[in-house]
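Next up: some structures, all given as structure tokens.
Common to both upcoming complexes is chain A, partnered first by chain B, then by chain C.
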Partner chain A sequence: MAKKSAAKVNLVQRPIKKWAPLFILPTFAAFCIGFVWPFLQGIYLSFCSFNTPKDATWKGIENYTKVFSDAGFLNAFKNTAAFAVVSIVLINVVAFTIAYALTQKIRGANLFRTVFFMPNLIGGVVLGYIWSLIFDGILKQYGTYLTANGTYGFWGLVILVAWQQIGYMMIIYIAGLQAVPEDMLEAAHIDGASRSQTLFKVIIPNVMPSITTCTFLTLTNSFKMFDQNLALTGGLPSVIQDGAKVNVTELLALNIYSTYNINKNWHGVAQAKAVIFFLLVAVLAIAQQAATRSKEVQQ
Partner chain B sequence: MKKYLALILALVMSLSLVACGGGEDAADDGAGDAATETGRVYYLNFKPEFDAALQQLAADYTAETGVEVKVVTAASGTYSDTLTAEMAKDEAPTIYNIGNMSGLKDWDEYAIDLKDTALAGELNTDAFNLYNDAGELKAMGHCFESFGIIVNVDLLKEAGYELSDITNFETLKACADDIHARAGELGFDAFTAAGLDGSSSWRFSGHLVNLPLFYEFRDDGVTEQPATVTGAYLDNFRNIWDLYITDTSADAKTLSTSTGDESKAMLTEKKAVFYQNGSWEYASLAEAGLNVAMIPIYCGVEGEEKAGLCSGTENCWAVNSKVSEADQKASLDFLYWLVTDAEAAQVVVDNLGAIPFKSAPASSNAFLANGNDLAAAGNYTLTWAFNHTPNVDSFRATLVTALTAYSADPTDANWDAVVSAYVDGWAIEYATVNG
Partner chain C sequence: MKKSNGIAGKILTAFFVLLSLFWLFPVFEVVINSFKENAFVNLEPFALPTAESFVGLANYIKGLTFGNYPFVLAAGYSLLITVASVALILVFCAMSAWYIARVNSTMSKIFYYLCLISMIVPFQMVMFTLTFTADKLNLNTPWTIPVVYLGFGAGLAIFMFLGFIKSLPLEIEEAAAIDGCGPVATFFRVVLPMLKPTLISVGILELMWVWNDYLLPYLVLDRTKFMTIPILVQYLKGSYGTVDLGATMAVIMMSIIPIIVVYIFCQKHIIKGVAAGAVKG
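Right after this comes the complex of A and B.
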């Protein structure tokens, strides 16, 4: 009997193994065409001067030296870092809190979940315009407006993005919280653990995988933030600081975009910025994954 | 079950790839054959409002000559992105738009010299053409537009004034101040909102700024993009801006979110007499049943009684130098047909306003007629000096930031920021673009 089934497995598996490359091929080809090739070409172009990708001429590292002497880029870098820190903490803390509250047995928890999730369904550009109207409407009462200074724009963006993403992260946390084994909670209860002890010693270690996922998503979302930034303030106010132009509320992605649009001399520089941007996000994401993974517990 | 699902997915994927490949091949073959015989025309259109008419013209031309004409229109505000993307393709545009001198610097290598073409022979003025450093005609201005202050003539009369009463800044201000003071009793105010939202701010950061730029370039004999500007006429700019934000029902503190539609609505709903904008607005205003005319923008410059409208263009045809000669010829033939064929030229004129070609019919646009009357009376035309602006979007953004802050709190200190955005901003952008 055992022999027979082993033979059957072999009979099925051998052809699959043999033909595996063929089945992988379409996806692999799509991956190469859609990702690998453009990515490599992008790296090549970051060392070139070009108007369209076809007429690229090799320039060496000139584009990269230009990037680091660009006050606008350094400002955008600082903004993005500050924005990432604030929004990661805010979104995850609030999303976890709401998820925690909604996994207690509250009446209408499902309705609340739906409502909290809904902002995530609205596109970034629409959100940006709507919130700019809301903020301007409020600030008008105080005789000022959203793009009057960088502070309003920054916190405006934080509020917008928090509002949009908390619902999404909440869903992930709810799934994590529901997976915490009932017997562990019961054991904690019988051992006389307080509510906060249960939360910090039992629940949070058990939802670490969700925390890893959510911090990863919020981190990369903050760094890649583009449409909300464009629609809310468009980088404004635009001021002259120490003899250079700076768009005060501009984040990295928007800065890359506006650099590309200066003229053809800047296409390569924008591409170099994009490569630096990629490296940055990749390194941060890997570091963050390593850090939070190590805290995950086996159930 | 799972096995079948996986199989179906793999099938769908490979089929979709095959389908994509197959589709492209077929398209290539068709275009390839046509190109060897007659050349192809691919017109990348800059003006969204011209799209429908141009598509129809293209179809007519194909029916008449058998030459395929493809027209693609870039969405408003995305022309340069679309152009860059399209130019990288094998089937690149053969006719495209170059807006100004900095656009020409980017696309010089991609444009043929149009000087000795039959099309150039049809031009009745050289004023709107763009030449590169070597003196080659690379982009041909094919329509021109004017901007100034649009006046609701009926409302002006109701307030007790005639168009002829306004001849310079003093008379404009006196009239506007008076209307503003009596706004409650008249039921309308002088100016529409000077909105600084992105949909409206270009009227000021782009167009109104043309006045100080034009006058200082005239004084200094500037004909090419200068590395620096002096701001000699910024006090005049302040005169007219103060008038815009004072003699209006709009709150100067909320201009940052005031849109172009809001401003236009104030005119069409007869809530205001004056509205700064251009000849492209004529058709929709006439349709709204308004009796409108356009007068020059006055700002208190010596001798401005003889000023005309600000006229120029950002619409210049360029023919791609990197496509085959057959394609270039087909494209030139199509353009020639557009401006010489009686019916086609009429459609072009109806959509683009006045076009500078010998056999083209006259435009019915009253604003352009106002401009022609002024010019015929010996007034000087203000050319579009702002076409020299380096890194134009960034220059304007800084100016808008400063203007918004000044409007909310019109102090001298805040005006200094406007001056800095203009003078220092220009120098910085010039260095950026040429650095």
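Right after this comes the complex of A and C.
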């Protein structure tokens, strides 16, 4: 049996191998240009002071020490963590509730689903622009404006992102809810389980994989949030803190970007921030893998 | 599960109607303001156009040539970049994924693991250095930037294709080989048609990404010559206060309409694509 399948593989494999330049080389070359080389160069430059890669001079860990004493970075980190916690809870609770209600076969469920998903098709920059107009319009009635205060900007971004991502997570929850075995629900019904008992004892344990997926998706989305942050407040307002300018509503991704744009002395620091940011996101992604896998073992 | 038709069901439906209206409000806001004169957009952003503030299609006409950059040009570049990038990603990543799945070599393995790593690397990690590389290799035009998209988007696309290809029975390709089909013909005539559902899912995800992407083209493209729609919108916002808000709303409207039209026609595929992508991502 093993021999037979090996022969089969060879029948297909050997001729393909000759065509490697066609099948794999174009993608691999583009992959090196678009990912591998910039990634390696990025790690190297995070230890350098540079304007362009040509004039890079080695500085050791100086950039990294600067990052951790940078008030703007610490502020952005706190913002991002707070933003992630608030949006994970808000988005997932609302998205699950909507998905649950829509799978109860209410009239017009498809139409509602279409409407809730719609914001995902519009780019973050455009969404930011639209919502800044709305928030400014509301706040004007109270004699203020969106970038007057960091609190407005933070909650404004939460509302925008919730409005955008609830529809996306709802789609994943609906797919999860539809996969709950019908006979389990019937059995619960026959055994006289109440609606809430069915929800908490049967449905939620069954959609745990979707809950894990959505939680991590909202987590990584919050960490990588850039366009909406840029277009809604651009990090404003700014204050002077410990002698440095701090953009109050800036999240991590935007902070990396604005650090780079201060001047060329900050290029290396911005790249060091990017490396730290990558490590953070990578840890989150690996944690997700571990969590998903432990769920699979249980089932 | 039985249909909830009672009073509870009616209340629920009514509640969802209200919620949907709230969801549509921001778009509605753009629609009404795109028909109002500039001064009124700032003054009363939530008011419907009145006889006094209504300007008909004037904002749309103005929006076409607004901000020193023609909207049609930005839309054209957006379309070119999106179509070319998605096409490149679909064809080349499907080919690579098939190669990786069928050829068990060191090269295949290295490429596969690099793809996995690339999926957890945020764009911020490579954005500055990618800009240098793209400039050096002349990948800073709308005609060449699809290569950058292929490179940065390859990881996820190959991963998704691989998941599907691994479930395909080898017998079909074997039969094609026995019938005298070479690898190229086997791929394009036998494998690619079987990949159709994944091609649609991956295509939708990449489409939504590239069309709405702001930062990559903003950094990579030569901005003095080339803008895409998101770059144009952000550029217009940059001159907030001096900018004609009515005309900007018209520009936003013109950028949203094509997406809404595509959404209405391909809704089923889009929703399926998102659900499929999420399970793996």
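FYI, the second predicted complex is superposed on the first by the 254 of 299 C-alpha atoms of A that agree within 3 Å, B and C clash if a C-alpha of one lies under 4 Å from a C-alpha of the other, contacts with A are read in each partner's own complex, and residues count from 1 in each chain.
Following the convention adopted for this analysis, contacts are C-beta pairs under 8 Å (C-beta built on N, C-alpha and C of every residue); 3 or more make two chains touch, one makes a residue touch a chain.
Because the structure is predicted, anything quoted here is derived from the model rather than measured.
When both complexes are overlaid on chain A, the residue A:Thr218 reaches neither chain B nor chain C. A count of residues in chain A touched by chain B and by chain C gives the higher number to C.
Legend: residue contacts after superposition of the two complexes on their common chain; A:Phe31 is shown touching chain C, with no touch to chain B. When the two complexes are overlaid on their common chain A, residue A:Asn75 makes contact with neither chain B nor chain C. Once chain A of one complex is fitted onto chain A of the other, the partner contacts of A:Tyr145 are limited to chain B, with no touch recorded for chain C. Applying the stated contact rule after C-alpha superposition, one finds that A:Ile130 touches chain C and leaves chain B untouched.
In the superposed model, A:Pro119 lies in contact with chain C only, and not with chain B. In the superposition on chain A, A:Asn263 contacts chain B only, with no contact to chain C. Shared-chain residue A:Ile240: touches chain B; no touch with chain C. Touch criterion not met for A:Asn63: it reaches neither chain B nor chain C.
Where the contact sets of chain A with chain B and with chain C meet, they give residues 23, 26-27, 30, 52-53, 132-133, 136. For chain A in complex with chain B, the residues that touch the partner chain are 23, 25-27, 29-30, 51-55, 132-133, 136, 140, 143-148, 234-240, 243-245, 247, 258, 261-265. Across the complex, chain B meets chain A through its residues 10, 13-14, 17, 80-81, 84, 87-88, 102, 105-107, 109-110, 198, 253-254, 256-257, 391, 393-394, 397-398, 400-401, 404-405, 408, 420-421, 424-425, 428-429, 432-433, 435. Contacts from chain A toward chain C in the complex involve residues 8-9, 11-13, 15-20, 22-24, 26-28, 30-39, 41-42, 45, 52-53, 98, 101-108, 111-127, 129-134, 136-137, 163, 167-168, 171-172, 174-175, 185, 213-214, 217, 223-224, 226-227, 230-231, 253, 256-257, 260, 267, 270-271, 274-275, 277-278, 281-282, 285-286.
Chain C contributes residues 1-4, 9, 12-13, 16-17, 19-20, 23-27, 29-30, 33, 41, 45-46, 88, 92-93, 95-96, 98-100, 102-105, 107-108, 111, 114-115, 118-130, 132-134, 137, 139, 147-155, 158, 170-171, 173-174, 177-178, 182-184, 186-187, 208, 211-215, 229-230, 233-234, 237, 245, 248, 252, 255-256, 259-260, 262-263, 267, 270-271, 274-275, 278-279, 281 to its touches with chain A in the complex.
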